[in-house]
Amino acid sequence: MLLHLSTWQEVEAYLKQSQGIIFPIGSTEQHGPTGLIGTDAICAEAIAHAVGEATQAIVGPTINVGMALHHTAFPGTISLRPSTLIQVVRDYLTSLVKAGFTKFYFINGHGGNIATLKAAFSETYAHLEDLQISNAQLVQCQVANWFMCSSVYQLAKELYGDQEGSHATPSEVALTQYVYPEAIKQAPFSPEVGTGHKIYSAADFRVRYPDGRMGSNPALATPEHGKQFYELAVKELSNGYLEFLNAE
Amino acid sequence: MLLHLSTWQEVEAYLKQSQGIIFPIGSTEQHGPTGLIGTDAICAEAIAHAVGEATQAIVGPTINVGMALHHTAFPGTISLRPSTLIQVVRDYLTSLVKAGFTKFYFINGHGGNIATLKAAFSETYAHLEDLQISNAQLVQCQVANWFMCSSVYQLAKELYGDQEGSHATPSEVALTQYVYPEAIKQAPFSPEVGTGHKIYSAADFRVRYPDGRMGSNPALATPEHGKQFYELAVKELSNGYLEFLNAE
Amino acid sequence: MLLHLSTWQEVEAYLKQSQGIIFPIGSTEQHGPTGLIGTDAICAEAIAHAVGEATQAIVGPTINVGMALHHTAFPGTISLRPSTLIQVVRDYLTSLVKAGFTKFYFINGHGGNIATLKAAFSETYAHLEDLQISNAQLVQCQVANWFMCSSVYQLAKELYGDQEGSHATPSEVALTQYVYPEAIKQAPFSPEVGTGHKIYSAADFRVRYPDGRMGSNPALATPEHGKQFYELAVKELSNGYLEFLNAE
Amino acid sequence: MLLHLSTWQEVEAYLKQSQGIIFPIGSTEQHGPTGLIGTDAICAEAIAHAVGEATQAIVGPTINVGMALHHTAFPGTISLRPSTLIQVVRDYLTSLVKAGFTKFYFINGHGGNIATLKAAFSETYAHLEDLQISNAQLVQCQVANWFMCSSVYQLAKELYGDQEGSHATPSEVALTQYVYPEAIKQAPFSPEVGTGHKIYSAADFRVRYPDGRMGSNPALATPEHGKQFYELAVKELSNGYLEFLNAE
Amino acid sequence: MLLHLSTWQEVEAYLKQSQGIIFPIGSTEQHGPTGLIGTDAICAEAIAHAVGEATQAIVGPTINVGMALHHTAFPGTISLRPSTLIQVVRDYLTSLVKAGFTKFYFINGHGGNIATLKAAFSETYAHLEDLQISNAQLVQCQVANWFMCSSVYQLAKELYGDQEGSHATPSEVALTQYVYPEAIKQAPFSPEVGTGHKIYSAADFRVRYPDGRMGSNPALATPEHGKQFYELAVKELSNGYLEFLNAE
Amino acid sequence: MLLHLSTWQEVEAYLKQSQGIIFPIGSTEQHGPTGLIGTDAICAEAIAHAVGEATQAIVGPTINVGMALHHTAFPGTISLRPSTLIQVVRDYLTSLVKAGFTKFYFINGHGGNIATLKAAFSETYAHLEDLQISNAQLVQCQVANWFMCSSVYQLAKELYGDQEGSHATPSEVALTQYVYPEAIKQAPFSPEVGTGHKIYSAADFRVRYPDGRMGSNPALATPEHGKQFYELAVKELSNGYLEFLNAE
C-alpha cells in the first residue's frame, strides 16, 4: 500500500491494523561514470515498494535527496546539510505520530545517510516527548540498509569480490539496471580507481576519487544480477520489517 | 532528461548547453475522500517530466513533501514547517549553483507551497550572494503552478463550474486518474461540502472541512479529463519554461 | 487604541471585549530617487492607526523592517531574512496568544512581505498547537495590503494609469506626502524606467532597476492624492478588519 | 536625519560624510498600572531623534519590540526570544555594513535588552568577518542606555530617591508624559510594591511583582520632570555618540 | 559532590535534599604571552569544586569553552557563537529540570560569557514554561563571577593597582599558578600594553591588543597570591551560593 | 601538551610543527548503579592525555557533555540535542581551522556520540568550504572510540565474556576505578539485567533498562583491569593518531 496512492480514509483504516510505515530514503549524487545519479533512491524505492507489498505495510514517499555533501564537487549532486535533514525527519515524524503512527522503518540506499538519520531519530524522540504527544514513548525508528543485508553482501562478494568497492558499486548499479533497463549507461573509465581513502570535504573527495567511483568496477553489473540483489533484499528486509513491527 | 536517470558526466555535458533545471514539487496531504494523498506530487511530476522532454530540460527529483501544516489533522498528511522547507530549498540550490545551474523552474502542484517557496527563493538569493559564488547574481527561480495555467483553469471552469472548488478538485483528481488509472478511488461523500473558509490552524481546518474537500466535487473527475488537463498544462508550462530560460 | 500608549490593565480590559489586534507592517527600503526609505512602514502605520480608531481596535507597534532582501544593493535598505521574520512573527504571536489575543490583522505596506508573512502564519499556527495553548485552535491571522484595496487600486489607475508601476509608485509616495508634507523630496530622474523584470537577487535587481523605481513615475504624486488614498484605504480596511473580527 | 524620511540617494551622500547610524531600541512590555506599554521604545525614540539632530547623524527605525520574556505574564507584552533578537540584529547590520555603515549606536530604553544586544554584537562581528565583507573589521557597535546616563541617574535620585525603583520608574514615566502628554494615565495602586527580587521566569515575575512595578512609585512623575530627563539624556548621549563616532 | 564522580542513584538521593547545582564555566582563549589558554576554566573549576565541598552542593562538569569570539584571531582560542551557547545552556537545563533541579549557579571565569549567559537564561525560562514542565516556574539561574567578588577585587587592587588590567590579569594568572604550579610560564613581553579599547571584531582586537593582554602586567602574579584569591573567592561564593539556594 | 595549559604563543609554535589536535569527548549520563555519571568523559580524557603525551600532540579541553538524550530519564544525565552538538563542533573547528589546525582526532568514550559527530563533520567540512578558508580542503576529522579498539575489545571479552554488556560495562567502570580509585562505588543491584533492546525514547529506555545497565555486570570491574584497558587503549590510539596525522 503506497501512501501517495491512498486516501486519508484508507490511512485511517490502516492505522487500526498497524502503526508501521516504511520510508525509502536515497540520495541524489554522482555514482561514477556509468551509475545513475538517482541510484540510491531508485534502489531504496524499488525494494521498499516490494517490501510494503510483501508485508502489507504502507510505504511513504521516497526521500530522494539525502546527506551527500561529500559528493557535491560533482555536477548533479544535491545534498541536504545534516542539520536540515534532521529537521526534515523531525517534521515527517511529528506529522505522522500525531496521526497515530509509531513504527518508522527507513529502507536506506546510501551509507552517507546513516549517521544523520540516527542523529535525527534521537532528536525526534526527545522532541516528541517534549510535545507530550500521547504515544511519544512508543515511537521507534530503524534504518535498514539494503546493501548491508547479509544475503546481498554475500552475493556481491561472490560475484564481484574486491571489485564491489564501496561507492558506485556493481551491485547497486545492477539493481538500477534491473529497475530501469532503459537507462543502462556505457562510458569508458580507467581500470584504475581510487580506493581506501577516508571521506572528508567535497573538494578533497573529488581529488581522491576523480571519476566518482570508490574502489568499484561497475562494468561488472548486469540487470540479471540486479534482479537477484533485489529479490534477496526484499526477502531479508521484509523479514526485518516484520520483526521490527512485532517487537515490543 | 531526468536527473536521477543521468550520470554526472551527462550533467556536466548538459551544463555546457543549458543552466536550467526543472523541479516538480508537490505535497503529501489528504485530498478528500477519493483523492490520493500524493495528488499534488503526482500531478507535478507527470507534467514536469513531459515538460522536460518537450524542452530538453533536465528534471530533478520530485519534492514530494511540502508545506501542508493545515492538513495535518488528517491521517497520512506529512508536512515540512516553512522554516524547514526554506532550508531544503537553500540546500538544493547551493549544491546546484556551485555546479553551474542558474535557472530553477519549480513546477508546483500545491497552492500551500507558493508562499514558502517565494520566501525560500529570497533567502537563497541572499545566501548565495553571501557565499560569493561566482554566478550567484545570475540565479533565478520561478514557481509555475500547473493548476493556475490559464488553459487549465478555463477547462476546469467549463467542465466543473463552481464544483471545481479549491482543494481535492475534480481537475487534479482527474489528472491523477489519468496517470494512475489503477488507483481510482470510490468512496461515498456528502453532497454538502465546506466552502469559503479561510485557512488557519490544522484543527480548525478539519472542523471547517470535515472530509477534507474544499468546495469541490471530485466525483466529476474522469481519466479522460485528466488527459486533457495534462496536455494543456504540459503545453503551457513548456512555453513557460522556455520563456523563463531564455529571458535574460 | 494604540498598544504602546496603553497600560497592561487597559489591555486586560480590552481583551474582555475583543481578542483582535492590528499590526502595521512595512519595510525599510529604497523607494526610488524621491520616495522615502520608510514609505511602506509610514503608509501602513498611518492607515492602521486610523483603522484602529474607526473600529476601536488595539493597534500594535509598527513592524518597520520586513523582507526586502532584493533592495539591499541600495544604501539605506534594511532587511530581515525570511527565516528571521518567521521567528519574529512567531514570537509576537506566542506572547500575545498567551495573553488571550486570537485575531491578528496585519496591515501591510510592502508586497515583498506577503509570502513570508503567510509562511510565518502557517509556522505559527502549528507552533501554538504544539505548545497546547488553550486557544491555539482559534488563532487567525490575515494580511491586508492597503495598496491592493480595490478602491485604492482603481484610483491609482485613474490618476496614473501605467505610470503607477509597481514600486516607488506615485500612490504610495503620495500617501507619504500626505502624512509627512515636510519630507516631500525633489530629485531629477530619467523619464526611462526599468519595468517588467522579475525579481531575483539584490545585485540583479539594481542592474535592472538602476534608480530603484519599478515602472513608476512618482513625480505624479501629490499630497492631495495621498489624502484620497489614505481615506479609501482606511475605509476599506476598517470594513475588512471588522469582517475578519466577526467571522467565526 | 531620519532614515525612514530619507531617500536612498540621500543615504548614499550621507555615507560619504559619515558611516555612523543610531538605532533607538525599546520594548513593548507592561510598565505597571500607569506606565505605557511602549515606554521603553517611546523614550529611546524621542531621545535618539534629538541626538540625531544634534549630531547630524542618521537615525534608523525604532526597534520597538525587544527582549521582555520576563514580562510576558502581563497582557500586552510582546517579546522576542534572545535567539531571535540576535538574528534580527545580525540581519540589520548585514544589510547596512554592505552599504558602507560601520558605526552602530543603539540608544536603548530597556535594561532587559542589554545582554542580548551584546551577544548579538559578538555574533554579528564574527558573521561579518566570515562573509569577508571588506569593512567587516571596522564595524563597531555600542549600547547606550539613556536611563544609565550619569546626569539622568543623578536627577532621578534627587527627585525620587528610593522610589525611583527599577521598572516602571517615575523617570521613564515622566519622560513618556513629556512626549505624550495626551496619554498620561491615572490608576490606583497600592503603596506597597514588590522590590529586590531577582528576575527569573515570567510566571515567577508576576507573582513577585503583582502589578508590574519593581520598587517604583510612578505617581511621582510629571511631564516637567520628563522634559528635564529628556534634555539631560539628549545632551549626554549626543556627546557619547560623537565620542563613539570619532574614536578609532 | 562532583556530578561526574557520582552515580545516578546518588543524584536521586541528593535531589531529595537539594535542587541546587553549580556549574563552573570558563573559556578556552588566549591569555597573553604567559597566561594559560585554559585560565578561565581552570579558575572557575577550582573555585567551584571548593564551593561545592564547602556547601555540600553538587558540581556539574566544567563548561570549558565559552563565548570568546573576540579572541579568535589568536591561535588556540576556541569559541562558541552566542546562539550556540544559548542552545547549549538550554539543553543542559532542560535535561536537569526534568530530573528535578531548579537552582543553577554558574561560577564564571570569563567576562565575555556574561551577556550570553543572561540571554540564555531568559531563553531557557521561556522554553521550560513552554514545555509545561511542572517545576518550570521555580527555575532560577545565577551567574557568579569569581573575579568580581568584592574581596577578590579589593586584593587585586592592593596587590597590582592599575596593572591588574582587564584580561590576562595578574590575579587570574596567579590563581592558575596556584592550581597548576607545574605550568607557570615565562615569556618576554613589552612593558607597553594595549589598554582602554572597546572590544569589537576579532581582527580589530588583535590589532589593538597585539600580545593579547588588556592593560595588565601578569608578571606580578605569584602562586601565593593565587592561593589568596582562591580562598577569598571560595569563601565569598560559598556564601553567595547558599544565599541563592535559600532564597525563595 | 594540553591546550588549556599552554599559551597562545606555544600554540603558534606548535602549529609550525603540526596541524593536529586531539579532543577527548565523553558524556554526562547515568552508568548504572555503580558507574560514574562522568564515566565516558573520564575515560576519554585520561586516554587522550596519555595519547597526547605519547605522540607530542596538543590535546584540547574535554567535551564532557555529548549526545545522551536516551539516558535523560535518569537524574544527573545531561545531553545536548544532536542539532546543538553539530553547532558546537562547527564552532570549535571554525575557530581552530582559522588558526591553522587541519587534523582533528576525537577520542570518544560514548557510543551515542558517534552518529552525531559524523554528521557534524560533514556539516563542518561544507561550512568551512563555504567560508572559503584557505585550508578548508585539508581539514580532516576522525572519531576514535577507545572501547572499540581491538585490543580493548579482546581483553573485555576475555575478562568478562557476555557480562561486558554494552552500557555501564565492567571495562569502562574499571577504567574509571583506575583513574579515580577514590570514587569506587558499591551498590546492590539485581543479577537480572535488561539486555538486547534497541534504543528509542528516554522514557522507553528507562522501562527496558530499569537500573541503567545494558546487559552488563559492572561488579566484575577492578582498578587493575582498568589499568590494563587504559594502557591498551593508549597504545592503540597513539598509533591511530599518528597514522591519521601522517596520512595525506
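First chain written, first letter: the chains are A, B, C, D, E and F, and each begins at residue 1.
Following the convention adopted for this analysis, a residue touches a chain if its C-beta (ideal position, glycine included) is under 8 Å from a C-beta of that chain, and two chains touch if they have at least 3 such contacts.
Because the structure is predicted, anything quoted here is derived from the model rather than measured.
A repeat of the D-E interface exists among C-D, A-B or B-C. It is B-C, with more than half of its contact pairs matching by residue number.
The interface holding more C-beta pairs in contact, when C-D is weighed against B-C, is C-D. Each chain gets one centre point, the mean of its Cα atoms, and the points for chain A and chain F are 29 Å apart. Centre-to-centre spacing of chain C and chain E amounts to 46 Å, using the average Cα coordinate of each chain. Chain E and chain F have centres, each the mean of its CA atoms, that are 24 Å apart. Residue positions 72, 79, 81, 83, 87, 132 of chain E each touch two or more of the other chains. Per the touch definition, chain A reaches chain B in the complex via residues 2-12, 15, 28, 30-38, 41-42, 60-62, 64-65, 72, 74-81, 83-84, 87-88, 90-92, 95-96, 98-100, 180, 183, 185, 187, 212.
Chain F meets chain A in the complex at residues 67, 69-70, 72, 81-83, 86-87, 112, 114-123, 125-126, 128-129, 136-142, 198, 200-204, 247.
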